[in-house]
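Pasting the structures here.
Okay, so subunit A shows up in both of these, paired with subunit B first and subunit C after.
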Partner chain A sequence: MVVSVKEAPANSINLPIQMSINPTIDARQSPVEADETFVVIRADALSIYYGQFCAVREVSLDVLQSKVTAIIGPSGCGKSTFLRAMNRMNDFIPSMHTEGQLRYRDVDICSPDCDAVALRRKVGMVFQKPNPFPKTIYKNVSWGASINGYRGDMEELVVTSLKQAALWDEVKDKLHQNAAALSGGQQQRLCIARAIALQPDVLLMDEPCSALDPIATAKIEDLIGNLKRRYTVIIVTHNMQQAARVSDITAFMYMGSLVEVDATERIFTKPGEQRTQDYITGRFG
Partner chain B sequence: MSAVGTRWREKFIVAWLFICGMASIATTIGIIWVLTSEAVVFFGEVSPWEFMTGTRWAPLLEPRSFGVLPLVFGTFLVAGGALVIAVPIGLGAAIFLSEYASSTVRSACKPLLEVLAGIPTVVYGYFALTVVTPYLLRPVAPDTEVYNAASAAIVVGVMIIPTIASLCDDAFRAVPSTLRQAAFALSATRFEVATRVVLPAGLSGVVASVLLAFARAVGETMAVTLAAGAMPRLTANPLVGIQTMTSYIVQVSLGDTPHGTVEYQSIFAVAMLLFIITLTFNVISHLTLRRFREVYE
Partner chain C sequence: MTAHFVNLLEDLRRRISRMAGLVEDMVLEACESVDQADPRLAQRVIGRDKDVDAEEVEIELEVIRLLALYQPVGSDLRLLCAILKINNDLERIADCAVNVAERARHLGANADRSHRDRLLRMGGAVRKLLRQAIQAFIVEDMDEAKKSFIGDDAIDAFYLETIKQIVAEPASASDILASQLDILAVAKNLERIADHATNIAEDVVFMATGEIVRHGTGNTEAD
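Moving on, here comes the complex of A and B:
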């Protein structure tokens, strides 16, 4: 399932708008646009329930390749649940069930036949709080690749991943020290390095900066900008400025429903919905 | 009630609670005192060197000999054999409980496991004698003696499974769930999460539980007395009868050995050695556990 990834041209900001206006366009059938507007993840009337409680209500959203998609909304709006559905991390909640469709390329994510372990190989995740293993920095990065039977040069993979995560210069002399000794921001970049060492297709980030100070946050935000060259990034964030800074496309969720999705620029300047307007101007949330 | 009355009542309660707290400490000190004073008498007659290095234990038969090694070896044969049984099963049970079982299964399984710990040990001994040896060992090894170390090791192993399973389960559940999530998100299977994240992270808890279980196996008395016999022998063959330190103490305590004789005093020397061995393992176990707590708190 190798897909070529090209850099987005400067004017690509228009494409997602077209996509959201006309979601019936199937990029897979139009090779001319395929590189730029490839739908990596597509939710179609997706609802997620915890027992009787409906956390995500009929959300339809296309996530485009090599773009950063931000999902914003107040606490409890279902944005994290939606994100975690994309790599089946909600499976561990026993009462959870889904309705509607969620696809990753040609994989039906919600289907019982979908191999969640194989899916997570392609759809990686970075969590809210840095959670490095209590192992060395080197082993943290190599862990995922080694359990997945990586046959290449492990050392090279570790170095490349740490460089991509903009952490290499800070840790190159202490690769075999315990990761717990790193600062919170370094730990979070280590978690990013660990996730990209698996060479995933999509990187899900669940409020990756909420436990970090502003300087560490700025570093991670810079990093996200670089990551989108290689990966499709979906980031859930509380922080609207952050969404405005890092993302190409922003989706606004409220009470489990997707209110609006559009180019980030447009969401933050002239949103189509009054509720989006109210939220981004701080009238609630 | 008057203020004075209340104050006296408080003082009385505090004093009473203090006595309760002291009771167990006093008991321990008393035991150490008795063991030491009697053992000193014993070592006046038998040199500690002979006691610790002698390979023949025959305190009741002429010519008498007080080399404790056969008893120590018999004890470790049974306790070591018990660990061979209990560690894989206990660890497996703990991994199942903490990583695989749903909360319903878990809440049903854990008390059941603890029932094992509540069975009187004499029942285990009887079980070894009447079931394990004739129906489990004899079909495989026909010349197994009636009393043998293997049957004792098997039942003691079963007996200490709850200790290992329960403590390891606690250790595994203390591993933060964020680590499990991190591993799952890296495309790990449940088994890889259990063996390559949870087990290493909880390893010191596992070590502590094994040491504690070993100390229990070393101190186990009734089951091994019934199952392993009373034949002090320096052997590694588990299919013959041996004697452990505890069963020697039982043998002398139940017999008509006169008070004040050297064979009577010998049980205090053996008991002291046993006490030192189990105490050492308990202390190491607690130190390991404490170190393990420091990692996550």
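Moving on, here comes the complex of A and C:
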């Protein structure tokens, strides 16, 4: 696959550490303006260590705007570590350190000057297990925006976020009930709505369907297809059929290294590397 | 699960290879029935068609079962897609062999020797082409598959020559005309067998490389 990419233009939207979350001024929310050759996140020879152990080894990868990029690979290959590095979730592991570069637009993510909290507003994350706050559905969605000083119409933000997360129709009559009463699939979509409410640029998903049944999984997969019109999505999954279904680009990692990245269709029909071929056909891993 | 799936793929590969052998035998006997004007031989070819039809259905069901249960990707997916198509081509080849055998029964000993000799040479070339395509599938040999593409031109030339010779002959009595129509039908069915053999060779190229070389394009599916 030939993917031409563009560097961030000089007048691109920078990531100021104090970001506005007023939707009226955030041009990135407009799906019609998405440039699918624009690199949103760039890893350049990125290595991530836990103490002496190298979990991610010199990975270089461009994540393109408004595309769904899937990262696949066997357990322990470093895919979740790589994903978590994109919004500095690895900071909570004391022995972790990085080499090389990881950039979100024109921000050096690994730099000590990068405000990780501000970064996480723009690079949101959805985890493996749904983790709603023990509060009402409404509060779950509005919480992040309210503590960040959102000045717009909160009700509109909640409704919009729930609609984008394909949950509105199911919860519109019980917004003030506890989120714990929702099903697992609904809770996961609520977590996506919660992430969307901060109007992120990128959504990281770490095996978002692994705790869900097939019907809830199908809803999340449909949702991912819709989300990519507005957000850049990066998903780590063990489910290769899911990667094949939802992603535009697939990266295969093995033992910390990036083996191959290409159009998903090509990876799952005619991969270029024998190790990819062996992994996707279940010959190892 | 993986080792089990690999074994199932190998079983399927062996099964379609056996079917290919059966179809090859039918083509051989159909050609011999033209040569020897032997109605019993022709009848045997016709009788074996039901075995091929049944096997074609069984193989197709097994491919569908494996696709549904194992959702293969990469080379395994290409193998199953190729088997699905080769299975269909083999069944059609068997039908063509039956058509040749039926015409051979009508032909009897009346056919002009020069036409009969040409059909035999054509049949030999068709069987060689079919053997190359099947061999290419069994051993995934690209060189063997590519030979099939070249061989098809020679078969087409035999077919055109048959038409030309018959058209050049003077107006005939009705029994001779019937014989000429049988000869044309045999030539047409041999030519169709060669086309199906070429399809098999093209599917082998796809199976091994992922390249689609149908219609002389040589395009890859991902381009």
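Criterion: the second predicted complex is superposed on the first by the 251 of 285 C-alpha atoms of A that agree within 3 Å, B and C clash if a C-alpha of one lies under 4 Å from a C-alpha of the other, contacts with A are read in each partner's own complex, and residues count from 1 in each chain.
Basically, a residue touches a chain if its C-beta (ideal position, glycine included) is under 8 Å from a C-beta of that chain, and two chains touch if they have at least 3 such contacts.
Everything numeric here is computed off the predicted structure, so don't read it as measured data.
In the superposition on chain A, contact of A:P214 is made with neither subunit B nor subunit C.
By the document's definition of touching, of the two partners only subunit C reaches A:Q277; subunit B does not.
Once the two complexes are laid over each other on the shared chain, residue contacts for A:P112 go to neither subunit B nor subunit C.
Look at A:M240: by the touch rule set out above, it reaches subunit C but stays clear of subunit B.
With both complexes placed on chain A, subunit A has more residues touched by B than by the other of subunit B and subunit C. By the touch criterion defined above, A:G152 lies against neither subunit B nor subunit C after alignment on the C-alpha atoms of chain A.
By the document's definition of touching, of the two partners only subunit C reaches A:R266; subunit B does not. No residue of subunit A is contacted both by subunit B in one complex and by subunit C in the other. Taken together, the subunit A residues at the contact with subunit C in this complex read 1, 240-241, 244, 263, 265-266, 268-271, 276-277, 280-283. Interface of subunit C with subunit A (complex): residues 1-2, 5, 71-78, 209-210, 220-222. Listing the residues of subunit A that touch subunit B in their complex gives 87, 89, 92, 94, 117-118, 120-121, 124-125, 127, 129, 131-135, 143-144, 147-148, 191, 194-195, 198.
Chain contact summary for the complex, subunit B toward subunit A: residues 102-103, 176, 178-179, 181-189, 192, 196-197, 200-201, 295.
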